[in-house]
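Presented below is the structure to which this report refers.
Chains here go by letter, A, B and C, matching the order in which they are written, and residues are numbered from 1 within each.
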Amino acid sequence: MTKYLRSKTENKNFDVIIIGAGIVGSMIARFLSRYKLDILLIEKEADVCMGTTAANTAIIHAGYDPLPGTLKAEMNILGNRMWNTVAGELNIPFERRGDYVVAIGKKELPHLDELFQRGVKNGVPGMMLISGDEVRKREPDINPDVSGALWAETGGITDPFAANFAACENAVMNGVTLLLETAFEAFVIDGKRIVGIKTNKGTFGTRWIVNAAGLYSDDVMHKAGIRPEFKITPRKGEYYVFDSADISVNNVLFPVPTVISKGIMVTTTVHGNTIIGPNAESIQDKEDTSVTEEGLTEVWRGAVKLVPKLNLRYAISLFAGLRAEGNARCKNQNVNYSHDYVIEIPAEIQGLVNLGGIESPGLASSPAIAQRIVGLLKDAGEKLEEKSDWNPIRPARPRFRDLSKEEQKILIHNDPEYGRIVCRCENVTEGEIVAEIHSPIPARTYDAIKRRTWLGTGRCQGAFDTPRVVGILSRELGLPPEQISKKGPGSEFLVGKTKKV
Amino acid sequence: MATEETKMICLGCPVGCSLTVTHNKDTIIKVEGTQCNIGIEFATSEIRDPRRMIATTVRVKGGIHPLVPVYTASPFPKPLIMKLMEELRKIELEAPVKIDQVVLKNALGTGIDVIASRDLPLAPD
Amino acid sequence: MALKKKFDVVVVGSGPGGLGAAIAAKKAGAEDVLIIERDKELGGILLQCIHNGFGTEMFKEDLPGPKYAQRFVGEALSLGIETLLDAMVLDITPLRHIYATSKWSGFIEIDARAVVLAMGARERTRSQIRTPGTRPAGVYTAGTAQRFVNIEGFMPGKRFVILGSGDIGMIMARRLTLEGAKIERVLEIMPFLTGVTRNYVQCLRDFDIPLQLRHTVNRILGNKRVEAIESVQVDEQMKPIPGTEEIIPADTLLLSVGLIPENELSKKAGVGLDPITGGPYVNEEMETTVPGIFSAGNVVHIYDLVDWVTEAGYIAGKGAAKFALSERKHGLDSVKLKVGVNIHHIIPHMLSKESLRDIPQKLQVRVIKPIEGKVWIEVTDGKNLLARKLERYVRPGEMVTIEIPQKAYDMVKNAETLTVNIVKFG
């Protein structure tokens, strides 16, 4: 399966190089893989999906939140519509359950009207204002003081890891070269044209470069000499994850939004866990994903306002993510908004497809953004000839725990490795782990396996499976256990043998 | 000849009595706080020649695990514990190992054997 | 090897509780007894608990964990108990149909006349105690580290901070020190030791490992691997006291912050769980609220002595065999046991009114607060004292037992609830 990974030196010249293998970069790679282009996707981390895509609320937003007229609103609406197709082709979990914005007490009610109007202007289909009684009926655990809700039937939930991996895997299946642990350092510029990039793994020539660097998109564009005023301010959001067995809400519950964020919500995941969060704290450090006492307290207060019966005893995981908030003004002069998406081919320099500030709803928007990039390249004169053998389908690999007992029986019969459970809480099998290690984007770290299989995400948080996974990785990769890491070099689990002589 | 008082917690049983031992060097004068004779025995040994049960592992070639757990057949002199660990690091057994098999005889000349605390069968193939 | 489709007693787990249950079931007349174990060999967590201290009640000997386990493994095998190793039970129905899977035997379905749940416990994690900070490599539960060091033969770090003064944490502090690692600190959020005192002496004090009570981890530092631990002192409400933070350079944080009975399967089987213990409600035979499903050991509540786990296994196994052989009358009236002053929980939760006919009944009690000084443990029916026992002290880290004598038969028969209290002596 590693046939997909070409040797680093085999090709040093590409048509397109994409910086960053988050959901946006991966989705762009996947959409561009349809055409006869030599594409390189680089990622500075040891795996794809290591930044903003890895830590968010996992929601496909309906689109009533962004201000009408913004690029954000446009991408959200277009992206939301594309999710059925994208999820179907890539075989990723996606449930269009709809979502609620919940007003608690009479004071919050007028906000719902405002959001409803915004949604209408943005073109969100299937919205409805419903009564407090109706909300209580649909979500029995909700705060009894609920006065009403905005219901949007097109809201959905997905697994951002699965989406990111699947998009990237499909790109790789269709000929895109992915290089991990490859960090962008500088552009090679010839006059007013970008002709290549320098990385820690060498220099690569290219005709086009796509800036999908997320939190670092400002640095990348500054190095290209454009938008010197553009700045990404990481906005940290902290979360709790609850045991799937102990608490569940039926749906996505937003509070009425504040100026800076959509607020602390209570939502369910495609894996059945309830998650609460995020708060919103602007910080400086683009790598600071630590959880804090204050942040968690804020999240907790916000969440129990919506669902008072939440019990911290059932919290099984904590995490924090950073949204890449930009400061680009909306192109539409009539809209007073200064955190809009940047999606452009700037006039100042040739060969750059520039993106920035793709914060929430970036996951929902990602297919639309990718589609937009295809359009921009066409407009710039790229021929974009379609490949005859492009395959949009990324086949799913079996997930033991989602199968019926009959299906499990057949799976184990055909491959006994699916008979050994390695993660006791989430019922992840050795067969699944081995398949991921040898997949088109090989999982080479513990976290890479965790995020592909959902292993280690349950109540014991990996206490049971960690030694076993280290053993399997060591065996399959032919590496000593001391070289097996959590998330790449520097995060190894073990420091040596017990008996040093 | 100055007498001194040493406070200790008895390890004789899970109760863990707090003992105050009055002694003149190795000569025990008085043991307070004990509930039984074990306390007096423990206090005497702790003053004269403190010992502990030591459990660790030694390497095994060809077994189902790379290590076999071992322990001292009786409490081992405390000052020699780290030295014992060094000795045991040098040992590599061949599987199969049997429970109670002597791994190190008369460890450091103490007369105490180190023995295996389980069977360790050969690894299949 | 073809596995039978129907067993008298199926035991899930082969730790001390499971082994005890299987042995007792066989001895009580159950013919076909099967143990299903998820590891490759029998013995459970005892195999990685290589330290001494096991068997003092059962054998009046001080044995290492593997040796204690091997005695029971040997006995189980010589009794002809069947085993299914490297296999995981996926599901148990309330009617005791069991689904399991393994690499070697494939997907298996078995019917059991009686089941004993003996899955043990899992360790509380960093998330459950809500430790702030980054999420680097180098944060382990003490048990995971113990497996790496003692079974797999690898060291998970060089410089450790240990959170929690539970027994596993202190034992790992000694173990890692013996293997050449440095234990910088053991932090305990409570104002008292949560493990037993002897472990403090022989695991920490003997090796000059500092213990700080009323301290906890304020923050984990380091993005890839742990780089340091920030400790902090806490006040009476266990809230961090600003200004008391200290950065301790370390590459590993070990967590020894308690065990939680592992009851995912119990839930699937419809067994009622006590929110206080996290384990099933049980009667004096260790039978759960689902007839024919018994449970034993740390799956019921957390023990501090393995010998008692074995004993609980015996009780459950015997009950399971009786059930399987249909000797037992069902739907017996029972008396509830109620927690009184300074009692955290009592096992069993209920006694059948006939339970004292043949034998006295032992209650296992965990207290909430330590009392260093003589106390009475009392069992009353509200009017009469059924049993009373003097203890020199009570501590949350050390379970206490009290026996209700057979002479209380009539009082139990007429009671609705019995209450256990801790009362200061004098």
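By our rule, contacts are C-beta pairs under 8 Å (C-beta built on N, C-alpha and C of every residue); 3 or more make two chains touch, one makes a residue touch a chain.
What you see is a predicted model; the values in this text were computed from it and never measured.
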*Please list the single chain whose C-alpha centre lies closest to the global protein C-alpha centre.*
C
_Pair joined by more contacting C-beta pairs (B-C or A-B)_ = B-C
*Hey, how far is the Cα centre of chain A from the one of chain C, in Å?*
40
*asked:* For chain B versus chain C, what separation do you get between their C-alpha means, in angstrom?
replied: 26
_Can you work out the whole-Å distance between the CA centroids of chain A and chain B?_
55
*Indicate the residues of chain A shared as contacts by at least two other chains.*
498-500
*For chain B, jot down the residues that touch at least 2 other chains.*
57, 59, 67
*Which residues belonging to chain C are in contact with no fewer than two other chains?*
150-153, 179
*Spell out the residues on chain A that touch chain C in their complex, using ranges where they run on.*
241, 245, 287, 289-293, 296, 312, 315-319, 405, 408-409, 412-413, 416-417, 419-421, 424-425, 427, 430, 459-464, 466-467, 471, 481-482, 485-500
*List of chain C residues in touch with chain A within their complex*: 38, 86, 88, 90-91, 99, 101-107, 122-123, 125-128, 130, 132-138, 140-141, 143-144, 147-158, 179-180, 219-220, 223-225, 240, 251, 260, 264, 267
*asked:* Quick check: in the complex, which residue numbers of chain A touch chain B?
replied: 498-501
*Show which residues of chain B lie in contact with chain A when the two form their complex.*
57-59, 67, 89-90
*In the complex, go through chain C and note every residue touching chain B.*
40-41, 47, 50-52, 56, 62-67, 69-70, 150-153, 175, 178-179, 196-198, 200-202, 206, 305, 392, 398
